[in-house]
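Following this line, the structures themselves.
You will see two complexes here that share chain A, one where it goes with chain B and one where it goes with chain C.
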Partner chain A sequence: MSKSGLTPARMNYILWAIFLAFMIIPAVRPIGIPFPIGPEAKHAYELVQNLPEGSLVFFSVDASIGGWAEVGPGGEALFQHVMAKRHRVVFVALTAPDGPLIAEQMVNKYHVKDTRKYGVDYVIFPYLPGGVTAAMAMADDFWKAFGKDYYGSPLDTLPIMKDVHGAKDFKLAITLDNNAGTETLATQWWTKYKTVIISQTMVMMYSWLRPYKDGGQVEALLSGARHGAEYEYLIKSPGAGMASTDMISLTHAGMVIAVIISNSVYYFVRKGEKK
Partner chain B sequence: MNVALIPGAILTIMIFSYIIKDNLSFKFAESLFVGYTIAHQLVMTVDGLQSSVGGPLAKGNFVPIIGVLFGIVILTRLIPSLRYVSLWGIALVIGVSTALFTRGLLGSDIMGQITGTIGAGIVGTGQQIFDRIVMIIGVLTAMSYFIFTETTVGGRPIFQYPRSIGKYFLLIGFGVGYGMTFLSRMALLFGRVVDLLRAIGILA
Partner chain C sequence: MSKYLKSLGALYFASAIALFIFIEYYLAVPVLSAASKELQGFAITAGGFAIVLGFTEMARLHLTRIRKKTAKEWPFSICLLVALGVITILGLVLTPRHWIYQTLFGNVYTPLDSAMYALTGFYIISATFRAFRIRSMDMLIFMIPAMLILMYNGPIFAAVWEGFGPLGAWLVDVANTAALRAYRITAAVGAVVFTVRVILGIERRWLG
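Up next, the complex of A and B:
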């Protein structure tokens, strides 16, 4: 223990308290720190925007509720955009059992039923276990992969399914991913069908998924609530992403300052010990 | 105050009580989460099975039964004398998954990545050219760190410098990965903090 009585454990509590304040203050009293719109969000936006109306979009909700704070803002913005552009959307879950539940929640949250008809404009499929095998089964033949939709309706009662047979029918594939949805689509769907893929993922997954973007397998790679905020700005629908940008900016700045201070203290303490 | 958010808020506080020390409320919330997750996954899996097997069977297609049989034999692991039978099911799962992965990986993770790294050539704007040069140097030197473990050839330290440069690229990569993981966890914490503030009525 130092002379001041500050043990490492107490220092941890103080640091957490400071970061908690950095989160709560901007949440209660937004500061409005400006953020630029990057090329990645713009590119994803243009991909959805430039699709002809009524295009079939494969929308895979591969994120669980636990990661929704990161994936959700961008995911919901993409959802609103494809619905507003009146594309026809097929919701699936490649890697997350919660996927259909989240898709249903988004449908209810944005009152999609008021303007779009279930079975004609969009359809929700249940989670199909199997990962890569399930992804390929869907890509080859949707009708064989799924006997029924999420609500138990046979596929021949859903008009949208007349045009859905496999991966080649989709103009765009979107994955909201905090699991392995991006890799599954990139290695299976892109390799065989050259499907155009947009991935909204978590910040910590960005560095290992970035090679898929550089290699051209993933057309647009969005990460975290920050890209979500940019997308919300582009579709002019402020949501959780834009609300959290102040929190993100402040805590990230605080963290950089903490890293600099702790490294400087460590350096000078070691220098003092050597003397 | 949003009543619907209160159970989630209470469970969040129970989980975060671990910061102070391990305790009964943390254990309760942890067990509840594990139990819920497994139950939900089980229901979803059984539902998927009914859909992908029950549907075709009802139409007179008995092919999915082969898959179900291979699935059932995996359960023979529970009987020591029949344990070897379970290997057939496991072999099928691993064989199919490996075959699909290998096909995908060749195109996406090997050819796609080589094309992405050097295929486009060193062209574009000043920043793009710089990025591409850094990427090519980084890829080659990082690979040399793992491949050329013997640094000297004929007594001359030919691979020493590429390996050293590669080591720094790897360190930067690991550092970035760690930093992003931390920031990502913080962002998840934002979500919980916002929900807590909503639950107690501070945020709308």
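Up next, the complex of A and C:
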């Protein structure tokens, strides 16, 4: 313990309290800190925007609910955009068993049922275990991979399925990924079928997945709530991403200030000790 | 001898399947493709069994804890098993589409999982705070890019000075990705080597 009685544990509590305040204050009273719109969000937006109406979109919800705070804003913005553009959407879950439930939550949250018809404009499939193997099976033959949809309906009763046979039929594949959805799609769908892929992932996974973007396997790579906020701005639908931008700004600024202050104190204390 | 023959059988079987899938991937022969699809179906079924295996193993572990009354752990094991049992029975009997299952997912599981994920944020804050203490020149070199990336990720910094954007982007997209790319390539080469060793029957550790 130091002379001031500031133990590492107490220091932690102080830090946590400060950062908790940085999160709560902008949530209660948004500040509206500006943020630039980066090329990645613009590119993803244009990919969805320029697809002909009614194009088939493969929408893989590969994020568990724990990481939704980061993946969700961009994921929901992409979801709103593909629905608004009246594309036909096939929801699957390659790597997360929560996927179909999250897809259903998005459908309910944005009242999709009011404007789009299940089985005609969109369909939800259950989680298919197997990861890479499941992705290969879907790419080769959707009908064989899934006997029924998430609600237990046979595929021949769903009109949308007349046009869905495999990866070749999809104009775009989107993965909301905090697991291994991007890698699975890039290696199995792009390599064999050259499917255009948009990935919305977490910030900490960005560098890990960036080689796929540089290699052209992933067309647009969005990461974290920040890109989500940019996408929300582009589709003019403010949501959780734009709301969390202030929190991200304040906590990051707080961290920088805390590091500068602590190092300055540390420097002067050591200088004093040397004297 | 019998055990040896069994291992040998499994070895040849796995090698043949791996080789078959490998060949089918590169040659578009309809007969091979049809057979490959069947094998993929087997793998998906095996994946389903893996979930059942995980379920039973977890149940077994926690039942053992309860039986032995492991200090400070057994009450939590009871909670886990009750939750596991309730959600499994509801899922099997009512299906995940039922409103009770949906309510549990949306109002219990979702906030709990999000809260657990959010808790890590606080530990990261204290860990970062300690890691960024400049004790030496090495630490200074480590800290400068880390701070720049913090500034790149916080939109407020780009609003103050636009230069934080390209600077941070360069560190993330070029410097950081270059290091990770090397790591990825190494891992991929390792995976290819491992696969070839399995196909050729040189790698036998997976047999147990």
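The rule is short, and it goes like this: the second predicted complex is superposed on the first by the 259 of 275 C-alpha atoms of A that agree within 3 Å, B and C clash if a C-alpha of one lies under 4 Å from a C-alpha of the other, contacts with A are read in each partner's own complex, and residues count from 1 in each chain.
One rule holds in what follows: contacts are C-beta pairs under 8 Å (C-beta built on N, C-alpha and C of every residue); 3 or more make two chains touch, one makes a residue touch a chain.
Because the structure is predicted, anything quoted here is derived from the model rather than measured.
Enquirer: Which partner does A:A69 reach: the first (chain B), the second (chain C), both, or neither?
Expert: A:A69: touches chain B and chain C.
Enquirer: Of the partners chain B and chain C, which touch A:Q217 in the superposed model: first, second, both, neither?
Expert: Only chain B; A:Q217 stays clear of chain C.
Enquirer: In the superposed arrangement, which partner chain does A:V57 touch: chain B (first), chain C (second), both, or neither?
Expert: Touch status of A:V57: no partner.
Enquirer: Mind working out whether A:Q105 is in touch with chain B, chain C, both or neither, as first, second, both or neither?
Expert: Touch status of A:Q105: second partner only.
Enquirer: Given the touch rule stated above, what does A:L15 touch, chain B (first), chain C (second), both, or neither?
Expert: After superposition on chain A, A:L15 lies in contact with chain C alone.
Enquirer: Taking the superposition on A as described, I'd like to know which of chain B and chain C A:P129 touches: first, second, both or neither.
Expert: both
Enquirer: With both complexes overlaid on chain A, does A:T245 touch chain B (first), chain C (second), both or neither?
Expert: In the superposed model, A:T245 contacts chain C only, not chain B.
Enquirer: Is A:L94 touching anything from chain B or chain C once the two structures are fitted on A? First, second, both or neither.
Expert: A:L94: touches no partner chain.
Enquirer: With both complexes overlaid on chain A, does A:M202 touch chain B (first), chain C (second), both or neither?
Expert: Once the two structures are laid over each other on A, A:M202 reaches chain B alone.
Enquirer: Which positions of chain A sit in both the chain B and the chain C interface?
Expert: 16, 19, 66-69, 97-98, 128-129, 131, 133, 136, 144-145, 192, 203, 206-208, 211, 214, 224, 248, 251-252, 255
Enquirer: What does chain A use to touch chain C in their complex?
Expert: Residues in contact with chain C: 11-12, 15-16, 19, 33-36, 38, 64-69, 97-98, 100-101, 104-105, 128-131, 133-134, 136-137, 140-141, 144-145, 150-152, 192, 203, 206-208, 210-211, 214, 224, 226, 229, 245, 248-253, 255-256, 258-259, 262-263, 266-267.
Enquirer: Which residues, counting only chain A, touch chain B once they are in their complex?
Expert: The touching residues are 16, 19-20, 23-24, 27-28, 66-70, 72, 97-98, 126-129, 131-133, 136, 144-148, 154, 186-188, 190-192, 202-208, 211-212, 214-217, 224-225, 240, 243-244, 247-248, 251-252, 255.
Enquirer: Would you tell me which residues of chain B are touching chain A in their complex?
Expert: On the chain B side, the touching residues are 19, 40-41, 44-45, 47-49, 51-52, 54-56, 96-97, 100-101, 103-109, 112-113, 115-117, 135, 173, 176-177, 180-194, 197, 202-203.
Enquirer: Using the touch rule from the top, collect the residues of chain C that touch chain A in their complex.
Expert: Checking each residue of chain C against chain A gives 25, 33, 36-37, 40-41, 43-44, 46-48, 50-51, 95-97, 102, 105-106, 109-110, 113-114, 116-118, 121-122, 125-126, 128-129, 132-134, 143, 147, 150-151, 153-159, 162, 165, 172-173, 176-177, 180-181, 184.
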